[in-house]
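Labels run A, B, C, D, E and F following the written order; every chain starts at residue 1.
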Amino acid sequence: MRISARNQIKGTVTEVRKGATTAHVLVDIGGQVVTSSITNDSVDNLGLKAGSSVYVVIKASDVMIGVD
Amino acid sequence: MRISARNQIKGTVTEVRKGATTAHVLVDIGGQVVTSSITNDSVDNLGLKAGSSVYVVIKASDVMIGVD
Amino acid sequence: MRISARNQIKGTVTEVRKGATTAHVLVDIGGQVVTSSITNDSVDNLGLKAGSSVYVVIKASDVMIGVD
Amino acid sequence: MRISARNQIKGTVTEVRKGATTAHVLVDIGGQVVTSSITNDSVDNLGLKAGSSVYVVIKASDVMIGVD
Amino acid sequence: MRISARNQIKGTVTEVRKGATTAHVLVDIGGQVVTSSITNDSVDNLGLKAGSSVYVVIKASDVMIGVD
Amino acid sequence: MRISARNQIKGTVTEVRKGATTAHVLVDIGGQVVTSSITNDSVDNLGLKAGSSVYVVIKASDVMIGVD
């Protein structure tokens, strides 16, 4: 499936931390680490574990800009 | 201000495209380009233009994971 | 690509309305019509038009519940 | 209260799964099942349980489009 | 309709600015002004104009915390 | 850091409730209480506790409008 979300960045899972219903997945996208919060069910369905090749997918309207 | 959003990645603005009320800001974060959709007012307030040093700021719950 | 978003519902585009930078896409998901707001660029990249077979994709954390 | 969110679809709760602070609520909207992630407090306040008549409420900007 | 979103704050519309498809609605919630970005269609459906009594409705997961 | 999110409202934390991975933070913004759902990690990093001076930060596109 191709998806409308503007940002789709290749990376590698470095860590999966499951909570009660929600998991945190850390993804290395080439030096930078991105944290994703998804359901435990999604982690299981996609078979995510450290070393998995993935995309981080983010809608343009969910990206804010900060300036020092 | 420090902020609770888990993802704060340094980058450089490469392009600003203003619409009627909403702008698209493209940010290079080290080879990858991220698209951000924010208000025209925010572009003006932060003084964003090509070359600006910025952070892209994204909540963990707004980051999805895709697998090929 | 398979994606972590919990909700992926098959439907058919009934209308595409482009704005300055943002488009509204109406999708019939079996009697119910869902409105999606995405970038004009995404409409073009995915080649969306009335009659296109698509999925509406929604994260579980973006679905609220209302009661009369 | 009437609300600005473009998508308000009638359905029936089929299951409520509570976590530590966050619950997953499954809603049948006429053959399709939608998963909603809301706070345990909201589940209690709205009195949600299997069989409850509800609306799933989703902003247009939270609906992505996917194509095979 | 009662809704699962945790934050529902009473206020008064002070200004409505329509764009091509998206409007900005400013709401005074007791000294503080909140900006909302919704569709032009929602503005028309709800009959919003300066002076309208409204609620600003925000999911808990969309509220970030900043510290100086 | 200055940030593009349109809404940045000063307040005081009244309560922090940690879950398995996600915390709920209650903030008094001058009589009104706003609930924020952020990661436990963010609570720790920002050192949030009852009495902390904070800003609630909300994107304009995450603010819905309701009418009675």
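The working rule: contacts are C-beta pairs under 8 Å (C-beta built on N, C-alpha and C of every residue); 3 or more make two chains touch, one makes a residue touch a chain.
Just so it is clear, the structure is predicted and the values come from calculations on it, not from any experiment.
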item	value
Numbering shared by both copies at the chain E-chain D contact, with half separating same from different	same
Selected pair, out of B-C, A-B or A-C, that shares over half of its residue contact pairs with C-E	B-C
Cα-centroid distance, chain C relative to chain F, in whole angstrom	30
Centre-to-centre distance between chain D and chain C (centres being mean Cα positions), rounded to whole Å	17
Whole-Å gap between the CA centroids of chain D and chain F	23
Residues of chain F whose C-beta touches two or more other chains	1-6, 8, 19-22, 24, 35-39, 42, 46, 55, 57, 59-61, 64-68
Those chain pairs that satisfy the touch definition	A-B, A-C, A-D, A-F, B-C, B-E, B-F, C-D, C-E, D-E, D-F, E-F
Contacting residues of chain C [partner chain D, same complex]	3, 5-9, 24-25, 27, 29-32, 34-38, 42, 46-48, 52-68
Chain C - residues contacting chain E, complex	17, 19-24, 35, 37, 61, 64-68
Contact set on chain A toward chain D in their complex	1-5, 19-22, 39, 59, 61
For the chain E and chain D complex, residues of the former touching the latter	1-6, 8, 36, 38-39, 41-43, 45-46, 55, 57, 60
